[in-house]
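In the two assemblies presented below, chain A is common to both, partnered first by chain B and then by chain C.
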Partner chain A sequence: MSKRILVVDDAMFMRATVKRILEQAGYEVAGEAENGAMAVERYGELKPDAVLMDITMPVMDGISAAKAILQSDPGAIVLMCTALGQQNLVIEAIKAGVKDYIVKPFQPDRVLEGVGKALGVA
Partner chain B sequence: MKVDFIDPFLSAAFTVLEMFTGERPQRGQLAIRNSTFTTQQVTIVAGVNGVIEGVSLYGMSLESAQKIAGAMMGSQVTELDDMATSAICELGNMITGNATTLLSQNGYQVDITPPSVIKGPHVEVCTKIPALVVPVLTPLGNLEINVALEENAMRNAA
Partner chain C sequence: MGFDMEMSDLLSVFLEEAEEQLQRLDDGFLQLERDPADLEIMKEVFRAAHTLKGSSATMGLKEIADLTHAMENLLDPLRSGTLSATPEITDVLLTGTDALRTLIGQVNNGEQMDLDTSEIRERLKAACSGAQTDSASSKPANKKKAPSKVKEDIEPGAMSIRLKVSDDCLMPAVRAFMVYNTLAPLGKLLSADPSHDKLEDLQAGQEMSITFAPSDGPDAVVAALKSVAEIDLVEFTVASEETSPQQDGKPPASQKPAPTARSNAEPASKSIQTVRVGVDRLDTLMNLVAELVIDRTRMTQIGGELASKYENEDLVQGLGETAVHIGRVVTELQEHIMKVRLLPVEQVFSRFPRMVRDLSHKVGKDVDLVLEGQDTELDRSILEDIVDPLTHLLRNAVDHGVESPEEREAAGKSRRARVVLAAKQEENRIIIEVQDDGNGISLEKVKAAALKNGAVTEELLSRMSDDESLQLIFASGVSTAEKVTDVSGRGVGMDVVRNNIQGLSGNVEVKTEAGVGTTFRINLPLTLAIIQALVTEVGENIFVIPLSAVVETFRCRADEVHYIDGHPAINFRGSVLHLCKMSNLFGSQHDMSLSSDDGWITFVVARTGALKLGLVVDRLVGEQEVVIKPLGAFFGDIDGIAGATILGDGRVALIVDVGALGALVNRRKRDRLVVEAGRA
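After this line comes the complex of A and B, so read on.
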């Protein structure tokens, strides 16, 4: 059975791009969310194998959402996918328990490498 | 405004646009624009806050926006519909996000707000300070980068 991923980004274009990359590699996109609060809610409903999440989003940012997901499920696999590459943010995300940090713009292989390693299928 | 503030935006724009167009963009002539000016046909607006604050705007013609969105989506774009607009908005997010990473390497810790896209020309934009403007020339059309940033006296005093 293919691994199920929750894709979180406020940009419709990015959700579509990431979804296409994942599905072409054989992953199932379990669902999508367009802000951090929706991501936390959808994670509880869908119980995906991994979450691929942006940081800069309205309502709740990705770092706060990652912390909330990891607090409710310490075994959750969360990867950040963001245009922000500041060292302090990377450190904050890793300290929160995020598995990988992918900076936009990215090549499709970078997303698949991150997801694959996080899920132990690479 | 410090001229140093615009360089990270130019570097970021070059990196992002080169990835999507496949060619290194060219830099146009630096200019200063009054604190009130009108937009082009398509303008992306992103806020910057932190130890420096203000706004970055990326203006372009409708034709350029359609061609750049098409390159990002991997398909021809003849109308700036919701998906193409989202791609253009993400272009602004990537440029501003990468620019803030470069600013942080220079000691300026800043955050960005989710960008917005203004469609339609002649919208009057007011910034607190005059903007530095640099045209970026790409094979798909030109992008005009406007950066109006100043040091945040309150944050820096804290």
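After this line comes the complex of A and C, so read on.
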């Protein structure tokens, strides 16, 4: 069964881009969320294998959301999607238990490498 | 991995969102100008710039990505409070937004992006200089550093590990941190180069050297390191028993604390499930429903006939019940689809604060634009078409409506003028008002201009009430330029405003009070696709008249009709009402005289703008909901006909364009200098 992934980004364009990359590689996008609060909620509903989480989002940012998800499920596999210049935030996320990060603009190979390694399938 | 990222179909998503981000930037900067200390707004504009940067970079739109990046760099210190917004900063940010709009517009039109943004980026950069610059792209500027030699003398069982960060790694420091983080639970870090507090020095392609004392043997360490992306294990050696302990590795806790997460403790919002649907699909749905509405009417009619023919048949009764139910469902379907097509007026209103700001700066006014009722909903096709009229009215309000701060002060008013753009729903009509607190429109100037342009005669004018004369500003030929002053040289007159609005089955009125201000009130239908109409018969033809234009129906004796310059009119409730003989409006006969077999003339009193008309028909059939269909290219634009519709009995009816008929009568009045006019 293909791995199920939750894609979180406030920009629909970004979600669509990531979704395409993942689906072309045979992953299933289990759901999408457009802010951190929705991500936490959807994670609970969908129990995806991994989460791709944007950092800068309204309502609740990605770091807080990642922390909340990891608190409820310490085994959660969360990857941060980040822009250059947000390294301090990424480090904070990794300290909190986030598995990896992917830098925007997304390159398909990088996204898949990161997701694959985090899920232990590549 | 060979990946063909076909982005073209994502372009529309990008463009749509880019439009939203631009609007957010514009709004945010304008609010910032009012209140430079508002950090919430700062956060929001930062997010918008940040998102746009990421999306445009992914689309490969470098020019846009570079510019948003430069804006983000300026927004970052503003957001963190190390820099405060000055008018100059807001200005350069707005200039940046304009450039973005131009670029995105070019992408939208499939053109090359040919705007050079280097100057704007320089200005953005210069504006940053008040604060620590470029925190959003801090790339370590350190020279390449050769990895220090692997220590020879290390703890027994300890590993010397050499790792290489991939050449194209984008955040090497984070990778290094991940290495340490991965290792931490597996043993004790003895030494590391670069050390924890020098992580930023690490460059892509550089090597890291680590000595590490694993608590569980080297294999787990190797496996763990392999799970870190963009890190290659170059080599590792395990020290033998003889070597002595060398140094106590510091635990990876000496890390510089990262900035605290901006945890917004807002309660988790209930997830809103939305789907974006293309306008064309909505239009198709609407068309299909419109077909159903026609069939529903026809079915009800046939059902009625069947029932009277076969009164006692169970089947017919069952059919009738089913027909009633289908009719109800169709009605509901129609209502819901109509609701889907409705958009909040905010979508149009949101562009005006910026426009008003720019214009008021240009003409030296201080204007506060107040938006009200932004969540009022309107059919999207109407929404698109009211942009121009509203733009015109607002420009007028700023340019001519309100006075300069000095004049206002002298008149005992606040220096800052107030222009209100308000929308609200009244039954099934939408009212949009543009209201200013300026000096009012000079009635004398309007009258003079109207006379000069031949829109009215002296005599007619002398009979008009002030309110009626004021409406003359909408008459074509009465130049707004002469009404007050020059209208920014756009050459669009108030008659165009009125024609646009009448084209939407709406109308516009103006009220003014000297020294207090002017209000334009636009009255629009909720939707254009399906209307309530009055069905009438004229000879063999059926004409339907939009109910929104109908004032009342009336009958008079044929001998009450007078002829003014050959055209029929009657004395209707004390004023002159022009009669339009529908039978020869679209027919070949030009006999103006009115007669009927029984000596009675039936007409529908319809209103367009301030003018009332009597549309003479043979018979009134009744009210019905009709679906407007265009006549099609074969017929082209026929003056006085807004479209066609199919009635319940399958007959085709023409929909009367009352506005166009009014224009026809107005033209005739001007051409022939008809003295009397049918005014309400």
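Heads up, the rule we're going with is that the second predicted complex is superposed on the first by the 120 of 122 C-alpha atoms of A that agree within 3 Å, B and C clash if a C-alpha of one lies under 4 Å from a C-alpha of the other, contacts with A are read in each partner's own complex, and residues count from 1 in each chain.
Throughout what follows, a residue touches a chain if its C-beta (ideal position, glycine included) is under 8 Å from a C-beta of that chain, and two chains touch if they have at least 3 such contacts.
This one's a predicted model, so the numbers in the text were calculated from it and none came from an experiment.
In the superposition on chain A, no contact is made by A:Val121 with either chain B or chain C. A count of residues in chain A touched by chain B and by chain C gives the higher number to C. By the document's definition of touching, both partners, chain B and chain C, reach A:Ala83. Once chain A of one complex is fitted onto chain A of the other, the partner contacts of A:Tyr101 are limited to chain C, with no touch recorded for chain B. After overlaying the two complexes on the shared chain, residue contacts for A:Leu46 are found with neither chain B nor chain C. In the three-chain superposition model, chain A touches both chain B and chain C at residues 10-14, 16, 56-58, 82-88, 103-105.
Those residues of chain B whose C-beta lies close enough to touch chain A in the complex are 15-16, 19-20, 72-73, 82-84, 86-87, 89-90, 93-94, 96-98, 100-101, 104, 109, 111-114.
Residues 10-14, 16, 56-58, 82-88, 103-105 of chain A touch chain B in their complex. The residues of chain A lying in touch with chain C in their complex are 10-14, 16-17, 20-21, 24, 33, 35-38, 40-42, 56-61, 63-64, 67, 82-92, 94-95, 100-101, 103-106, 108-110, 112-114, 117-118, 120. Chain C makes touch with chain A in their complex at residues 1, 3, 5, 7, 10, 13-14, 17, 44, 46-47, 50-51, 53-55, 57-60, 65, 135-138, 170-171, 173-174, 177-178, 181, 227-230, 255, 258-259, 261-264, 266-269, 271, 276.
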